[in-house]
Each structure stands twice: as C-alpha cells, then as structure tokens.
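The same subunit A turns up in both complexes below, where it pairs with subunit B and then with subunit C.
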Partner chain A sequence: MTPLLEVRGIDKSFGPVKVLHDVGFSAYAGQVTALVGDNGAGKSTLVKCIGGIYPIDSGQVLFDGEEVQVHSPRDAGELGIEIVYQDLALCDNLDIVQNMFLGRERKHGLLLDEDSMEELAEKTLSGLSVRTVKSIRQQVSSLSGGQRQTVAIAKAVLWNSKVVILDEPTAALGVAQTAQVLELVRRLADTGLAVVLISHNMNDVFAVSDRIAALYLGRMAAQVATADVTHAQVVELITSGRSGELGLKNGVTP
Partner chain B sequence: MNKVKELPGEAIVAAAQTPSIKNSFLAYAQRVRGGDMGALPAVLGLVVLCAVFAAARPSFVTAINFANLFTQGAAITLIAMGLVFVLLLGEIDLSAGFASGVCAAVLAVTLTSAGLPWYVCMAAAVLTGVIIGTVLGTLVAKVGIPSFVVTLAAFLAFQGLVLVLVDEGTNISIRDEVVVAIANRNLPPWLGWALYAVCVAVFAAVQLRRARSRSRRGLVADPMSLIAFRVGMLALFAGLAVAALNLERSRNPALVSLTGVPIVVPVILALLVVWTLVLRRTGFGRHLYAVGGNTEAARRAGIPVDRIKIYAFVICSSMAAVGGIVAASRASSVDPNTGGSSVLLYAVGAAVIGGTSLFGGKGRVLDAVLGGAVVAVIENGMGLMGYGASVKYLVTGSVLLLAAGVDALARKRAAAAGLR
Partner chain C sequence: MRAGPSQEDIRRHNLGALLRHVHLGGPISRAELTAKMGLNRSTIMALTSDLTAAGLVREELPRETGRAGRPSLVVRPESARVYVFAFDVGPDRLAVARVGLGGVILDRRETVRDRDRFDLDEVAGLLAGFARQMRRKTRADTVCVGAAAAVSGGVRKGDGVVRFGPNLKAEEVPFGEELGRRLGLGLPVSVGNDANLAALAEHSRGVGAAVRDLIYLHGDVGIGGGIIAGGHLLGGHEGYGGEVGHMVVNPGGRACGCGSHGCLEAEVGERALLESAGRVSSGRHGRDAVRTVVDAADRGDIVAQEGLSRVGDWLGLGVANLVNIFNPEMVIFGGILREIYLGSAAQVRSQLTLHAMAPQRERLRLRTSALGDSATLVGAAELAFAHVLADPLEVLARANA
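Entry: the complex of A and B
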C-alpha cells in the first residue's frame, strides 16, 4: 500500500541549528498516524515543512506516490493537506459558518452567498456527526474548547482535503471533550482521510492511532504499528530514541 | 437521524432554537447579560437624555428643534460612520476631524477660486479623502507605524494644511445653491412620504425574500410574526419621524414655509444602507471583521490583511470628506476651524457610544448613527439649557469615557463568562 503522504530524507536547519536530520515519515489514507516526540524533537517543524510554511533544505515530499513541490500553504491546500494548528486560528467575533468559510467565501456576484455556505457547513458538520452546537450561526466566542476544536477540524475537512494534520488537538481540553475530539479524529480516518495526530498524551495516541511515528532530537526514531508496541516502548522511544530492537542505534542511525 | 450517541459533558445551552419574537428577545437578553450590550446603552441614553431635556426645556420638543438635531449631528455622524471601519480593525484615526476640514477646504477653494461646478468640487473633496486614507493606511499597514501615531501626526499636519488652503485663516463663504442645500434645505413633504414608503417596502421585501429563500433551502428562517414585528417597528418610528419633520416649523409660515425632511437625512440613510451592506454582505466586510477579531487567523486564511487595512482607512477618510462637505454646507462657509476642536472626539464618541468596540472586531455602521444622535441631543439640549461650551465639553467627555468604560467592562465580563 502506498502512503498517501510520504516524506523522505528531509533536512531542515534554522541558521546553525539543524532541526531535522534525514527524516522520513508516511501517512496512509484511512489511518490515524500519531506523531510523537518530546518538546523540541521537531514535530512542529516537520508539520510546517509539510504544510509549506517552512521551505525544506533537502528531501522529497511524495503525495500519492508522486513527488510534489510544496512551497506555500496554498500549495499544500491545493494538494488537499490541511493543518489544524494548536491555536486553532478562529475568529471569536465571527460565527461558525463564517469561520469555516473564512478567506474562501462563496459569492453571488458581489454579495456573499450566506445560504449556500450555511447549507454546506451544516452538511459538513452533520457528516462529522457533530450535534453539540446549538446553532451554526452562533459566535465562536460562545463555544467551549471542544466545540472550537470541532469547528477548526470541520473547517479543515470542508475543502475536500485528503490529509488532515492536527497539532495537539486535545492539549487544552477536559476529559469529556477530549473523548469527543478523539472520536471525531477516528471518524475522519474512517471516512478515508489520512489523519496525522500530534500528541503528547500516550492515552490519546493508543486510543485512536493505527500507527505511531516517534521523533527523537530531529531524527525519526521509529515508525511502527500501534498494535505492535507497548506504552512503555513508545515512552522509551520518545525519551531515548530507542527501545530494544526498535529505534536509533548509537542515537543516530535507525 | 440522531443515531450517533451524544457525548456527555457538552451541555448545549438551550435557548433561542427557533426564531420568534419571544425567542429573539430572550436571546438578546442573554447576550446583554453576557456582556454584549450592543446598541442598548445608546438607545437607553437617548431616551433618558430626551426625557430630561424635554422636562427641563419644553422648547426641546418643538418641530424646529427636532429638525435641528438632524442637521446638527449630521457631519459628526458621517465621520463616525467612517471611523467604525477603522475601529473595527482595532485601530484609530485621530485625523478624521481635520481630514474633513481639509476636504471641506478643497471643496470651498475649488468652488470659489476655481469656480468649478459643484459636482466636480464634491468629487475633488471626496478624492482628497481617498488620497488621505491611502497614505494613512499605507503608513499603518505597510510601514507598520502604530495608527495612533500616524494619525496624530496627520492631525497636526492637516491643521496646517487647512490653514494653507484657506489662506492663513480667512473665512471662505460658499454660495453654491446645491452645496448649501444639503444641510439647509428640506425635501418637499410628499417626497419625504414617498421615500418613507419606498424604504419600508424595500425593507419588508428584503426580509420576506430572505426568509422565503432560507426556508426553501431548509434552513432556519425567521417566522412571519418576527418579520411583521420588525417591519412594523420601522414603519412606526420612521413614520413618526417623517410626520414630525413635515410639520410647519417656520416662525412666520405666511412669509416663508419651512417643512419637510432635511436633505441630509436621506443622504445619511443611503450611506448607512450602503456601508451596512458592505460590512454585512460582502467578502470585504467579512474580512474586515476577521482582521479585527483575529489578525493571525485572517492571515492564515489567506486574507490580504494589509490591503484590508488600507481600504478601511480609505473609507474612513472618504466618509470624513463627506462629513466635511456637510459641515461646510451647514455653515455655508469653511474656515480653519472646520473639522477642528471637538469634531473628532465627538465622532469617536458617537461610534463608541453606539456600541462599536475600541478593541476591534465589534461594531456596526448603525452604531455611529445612534451614537451620533446621542451626541447631537447632548449638544443641542445643553445649548437650550443655556450651558456654555465648558459644560458641553465636560458632559460629552464624560459620556465618551462612560461609553468606553461600558465597552471595556463588557469585554471583561465576556472574558469572565468564558465568551472570549
């Protein structure tokens, strides 16, 4: 099975600091791939390289088996790669529909076509089985953290996206809301999307992911099926880059 | 339909699910309690002020004074309408007052010295506003100077510019019939009623059409009762206003009759409708709110933030130009004080009193009109009470501070309620 999204041999430096060393990573359609690693391991940098925010120094990005060039967020968006950042990037003073279509509004001549946007937003939200908002015309400022996360995710899947990358979607949420968002993450993958979940929380990772990719100090320590590893092994991969046969040898080569 | 299990812990606030008169009121009450006061302070203030002045000075409730309120508040209201766009970004334009002075001076000079026809002169004045706005907006958005500093510098520079234009302090009088008519002449009573009928009919038609198209698509639509209520309220209050303005208000009707809606009223209404449409129903308006609400989110959504900012300043200065034209018309002259002294603070006050937030992201053009009415009532009523400029300044300053305080407190309260 070819991965929907694959990167090979990515190097990335910020000035003298080398942040990513020869990183390979793949995400498959219909699966949740958890991207784990300690603070500073390079998770966010890797995601931003994939999303076209940072240019890569060297390496390849393959989409559906073919090499592509991603130079800007727009390129990524055109391929169908959407990133939901930790700070969500929602406008509090706009309602749910307005946020979901922000920057890509539908128009009738000069005027906005509110009705068709509302219809499509409604459809997308119910397609994700989201029923917790009272009205999709309420302002985002009145939503809870979980609901906001839901809106941000719905915004990402509205555009026929194929890969959705979620940066710590549950970091700021309570128990019930976390469960809700994780269920949504699972549903996204079940509809055939390739989902990349960045998380620090092992419970979340094991609850929802099919595969785990562990970064250690800018190197990909291991990419394994979730079913093949234990909690403790993943923690070891995160903290020391290796776990028994898995991971980096001498802290460098996999 | 509801096969998916509802997850616990996500309490859905049950309120106005279906729109109706009652639920609209409930939802509104909830918003106000949550800290979103909207236009409430302005409306309440207007009612209280009018009641106080009417009780203290019976001459406040005469037809002539009612008409005066409109011409008195017109220029400030127009400037405030433009300021709303800049305030929505969370920026400020301190130069709007003197920008209106510069544009009025351009109007006066082109009318008198150059002797050009009125439409060319008005176009020149508005164009001056566009240029001013472009320069200010570019300095703020592209160069990155805080708008406070840019427009404070412009505030000083424009005073000098006005002096240059009016030849170091002479008073240029304007005799052009059309320009003078804007703030000093009235519509014939029948035309006032005709415009009234058209406005109410168009409002009703737009509301009905919207509800019908929404219910056809299966979206939540406003019920007939709510639409009828809205149209009825508009018809009632606008009808009362037109009727009052159509009363004879000449001291000596046999000599000269003075009736009808001041021409500046339909001018303000037309601009109100246009700018409301721009803010609420166009991509530009949506993006303006987005930039004011969360600039970073707007940027990531691919919105050209800098361009939106420049446009907002252009609209603000152009509206200042329109305000300057009306001010020049009302005084039938332009002097170095046109657009000076308290004009800017009154205009900012009008926008803020009306419910536009100084923090950006919240406000409507209608706010400027409501706030402008409050400012006009204060100025007019205080004048009737015989208070001098000192008390007027003190009171208006306090009202501005009060309005800004309400805005800041509402914001805090909303934050405490977890709404922001």
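Entry: the complex of A and C
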C-alpha cells in the first residue's frame, strides 16, 4: 500500500542545532499513526515541516506517491493536510460555525452565506457522530475542553482534508472527555482519513493506533505496526532509541 | 422430495428483504433498492406498495436531488407507527424502550435494580408497568408488533427460560412467559442473553455494521460476550454459547460467581477491578465506581493504576485466546469494558502481541461500542423485529386484528 503522506530523509537545523536527522515517516489512509517520542525528540518540528511552517533543509515530501513542494501552510492546506495544534487556535468570542469557517467564510454576493455554513458545520459534526454540543451557534468560550477539541477537529475535517495531524489532543482532558476524543480520532480514520496522533499517553496510543512511529533525539528510531509491539518495547524505543532488534543501530537509522 | 419455493414464499421473502433494507439502512430510493436487491423496477414497485398498504413504510418525493429527470421516490420506515417493546434486565438496571421500525428509540424508562435478589413478580410487574405507561401515551393508529428482552444470564433458546444468572441471582426463571402474560398484548416475549443481543445490535447498526466476523465483549458485574461468525450469532446447541466471561484464564485464580475459579469475569469484572484498586471499602459499585478507578489512575493514583493495568493484562490474555480461536475482524468493548479498555489499552494490546498469533492479530480491529448503554435495548428490539422481517404482512395483519 502506498502511504498517503510520506517524508524521506528530512534534515532540519535551527542555526547550529540539528533537530531532525534523515527522518522518514509515513501515514496511511484509514489508519491512525501514532507519533511518539520524548520531549525534544523532534515531534513538533517534524509536524511543522510537514505543515509548511518550517522549511526543510533537505529531504523529500511525497503525497499519494508523488513528490510535492510544501513551502507554506497554504500549500499543505491545498494538499489536504490539516494540523490541530495543542492550543487549538479557536476564538473564544466567536461561535462554533464562525470558528469552523474562520478566514475561509462562504459568501453570497457581498454578504456571508450563513445558512450554507451552518448546514455544512452541522453535517460535519453529525457525520463525526458528535452529539456533545447543544447548539452550533454557541460561543466557544462556553464549551468544555473536550468540546473545544471536538470543534477544532471538526474544523480540520471540514475542508475535505485527507491527512489530519493532532498534537496531544487529550493532554488537558479528564477521563470521560478523553474517551470521547479517542473514539472521534478512531472514527476519523475509519472514514478513510490518514490520522497522525501525537501523544505521550501510551494507553491513548495503544487504544487507537494502527502504527507507531518513535522519534529519538531527532532520528526515526522505528515505524512499526501496533499489533507487533508491546508497551515495554515502545517505551524502550522512546527512551533509548532501540529495543532488541528494533530501533537504531549505533545511533543511526539502519 | 421437497418442492421448490412457491411464488408466495418468494414474495414473502422479497417483502422481508426489502423491509430489512429500509429498517437497517434508513430511507432509500426505489432506484437504489432496485440496484441493491437485484430485482426489476416493477417488482420493487409492487413490493413497496404492498408494504405501504400494510402501513409499514411510506413513500415520499425526495428533497432536491440536484439531478435532471424525474426523481425516484424515497421509501421510509413508518417509525412512529410500527413499534416493539425492548426490555433490559441487568444486574444494576431495569430498562424498557419503545423502539420504532428503523431502530429509532421513541421512548424509554429506566430504574435502578437492587442487586441482592431476583423476584420474578416484582421485575416482570415493574417492566410491564413501564410498558403500559408508554403505550397509553401513543396515538391510536400506532401498532405494537413484538416484544423481546435482554437478560444478563444464560437463556434457553426454546422457551425463554433464564437457566442461570449468577449476577442477577436468578435461576430457572420462566421470564419470557411471565412478562408476556403481564404485558397482556397477546404477543410472545422473546428472551436473549444481553451480551448476545448487544453483539447483534453492534453488528446490525453499530460500530460493527458490515463486519461479518466480530466478537462483542460486555462488562458489568460480570463479562458477557456475543460471537458473530459469518454474519450469524453463535448460540450453540441450546443457546447458551458465547459465555466468554467463564473462559478460565487463571487456573486457581479468583473465585467466580459461577462456582469456578480464575474465569475471565473473575479477573476482569467489576469486583476484581475494585478489589485490586483498593476500592471495595468505599461501598460503591457499578459503572460509576469503575469510572472513579479509571479517573484516579489517570490522575496518578498508583494503586488504581496497578489495579487497572492488572485487569488490562487479563483482559488482553482473554481477547488473545478468542482471537486465536475465532479470527474475528473486530473485537468490540462495551459496558464498563469501554472505560477499562481505553484506560489499559497498552496492557491489553501488549498481551495480544505476545499471545495472539500473527495472522489473526495483524488485521484485527479493536473498537469501543458505538451504541453504548443502549446496545442491549437496541439488540432486544432487533430480536423483537425479527419475525416482522421474516413475514411482514402476516405479522401486521395479526397485530392489527
């Protein structure tokens, strides 16, 4: 199977500090790929390179098997890559529909086409089986943490996106809301999207992922099927870059 | 020698098949039905008009299709008119729902059950009372076409007798017969095991729709299971099959309500979790108590974390055994197992990696229930609708008589 999104040999430095060394990473349609690694391993940098926020020093980005150039978030958006950052980037003083269409409002002549935006927002939320929000005209400031996460994810899905990258979506949530967000993450992939989940919580990773990619000090230690590894092995990959046959050899990607 | 099916048999079969499409798939145009059923247009038209005349479906013009040409009529189930009663008898709750054709829950009542004893008169009386209340509120043109109950225990296929139900404290209880008598609708009440029925529900309209081989695991006080193989529920010789909670995973382990030791249920059920998380003394039980443990583990309580991960290990071992034997495409966690799986997935899947064989586990999908607390009721409703789908016109004629 061709990965929907693949990067090969990515290098990235900030001045004298080399952050990513020869990193390869793939995400497949219909699957959740968990991206794990310690603080400072390079997860966020990798995601920002994919999202066009940081230019890469060298390496290739392939989308659906074809090499593409991603120089800006706009390029990424046009390919169908959406990223939901930890801070969610929602505006508290706007309602759910306004947030979902922020900066990409639909117009009817000179006026905003509120009806069609409302309808599409409603359809997207119900398509994700989201039943937790009462009204889509509610202000975002009145929503709980889990509901905000849901709105941010729905916003990412609205644009016919093909790859959705979620940065620690359950970090600030309680157990009940974490469960709902995890189920939403799983449903996104089951509807055919390629989902990338960044998480520190191993239960979250094992609960929904099909594949696990472990970064260690800026190198991709291993990309494995979740069905083939144990919790202990993944923890070893994260903390030492290797585990038995898996991982880096002499500190280098084999 | 058996004669081939008569024209009448074929018509009955087609009526049932068409109604099943509308019941499970929702509103659908005649054109789509023609394609899906592989029958010609005039046959579909004749079948839908028979079902419309019986009041089971109605046909409407679709909203804008955006395409040229005369739009095909959309066939909808008469959800508000044709309904069944679905009952759920669990260790902690008694619930009744009025479920319309198409699987819509129109109305429901629920009450907390006392765990200590099972009094047939009391339970059947209460459930029938709820059903009567709901029936009084219905319009005059509605019709009840069936009733079925999901019971936490082993149910004999032939007559709906609950043979054993250690978590209900029920034994040899003629539950279906008694509930049918008290309902007084002149309808038999079918009875099934709750986890079996929840499996059917997830298979027909939940997370496992279109999945032909799945295992549903249901957790409350005990662990129940439903195994769907090749699209059919495995009931076994007399209907007691699927009791995965009594698969022994730890010989000489914890005592189980069934009299044995080390059953999956004894190691993973609510009691095991609360005990190993040090929370028995709190006196709380049921779903809320389980949620408290998962919550405490999430907040960093070490005892709760250890308890949860221990339970996760046993659950993973149990699932690995099932996966090796049945090679399901999907395993679904329902009831309290939803919370337990999400809170201990690292353990569950590690055990699967260690003990399930590679060909069986590679493409396995692990999912949580989509129907949640309604799964057992939805499953009971499907059981109640089964005979309507088998012979729609006959059942409707009898119900209207």
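Methods note: the second predicted complex is superposed on the first by the 253 of 254 C-alpha atoms of A that agree within 3 Å, B and C clash if a C-alpha of one lies under 4 Å from a C-alpha of the other, contacts with A are read in each partner's own complex, and residues count from 1 in each chain.
The rule we apply is simple: a contact is a pair of C-beta atoms (placed from the backbone, for glycine too) under 8 Å apart; a residue touches a chain by one contact, two chains touch by 3 or more.
Since the model is a prediction, treat every value here as computed from it, not as a measurement.
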| item | value |
| --- | --- |
| Touching partner for A:129 - first (subunit B), second (subunit C), both, neither | both |
| Broader residue contact with subunit A after superposition on the shared chain, subunit B or subunit C | B |
| Subunit B versus subunit C as contact partner of A:92, first or second or both or neither | first |
| Which of subunit B and subunit C A:73 touches, first, second, both or neither | first |
| First (subunit B), second (subunit C), both or neither touched by A:104 | first |
| Partner chain in contact with A:174 - subunit B first, subunit C second, else both or neither | both |
| Which superposed partner A:141 touches (first subunit B, second subunit C, both, neither) | first |
| Touched partner set for A:182, first subunit B, second subunit C, both or neither | second |
| Doubly contacted residues of subunit A, that is, touched by subunit B and again by subunit C | 129, 174-176, 179, 183 |
| Residues of subunit C defined as touching subunit A within the complex | 291, 294-295, 298, 338-339, 341-350, 352-354, 358, 361-362, 364, 366-368, 370 |
| Subunit A partner contacts - residues on subunit B that touch it in the complex | 2, 4, 6-10, 12-17, 34, 213-214, 217-220, 277, 281-283, 286-287, 289-290, 292-294, 296-298, 300-303, 361-362, 414, 418-420 |
| For the subunit A and subunit B complex, residues of the former touching the latter | 73-74, 85, 87-94, 98, 102-105, 107, 110-112, 114-116, 118-119, 122, 129, 131-135, 137, 141-142, 144, 146-147, 174-177, 179-180, 183 |
| Subunit A to subunit C touching residues, read off their complex | 129, 174-176, 178-179, 182-183, 186, 202-208, 225-232 |
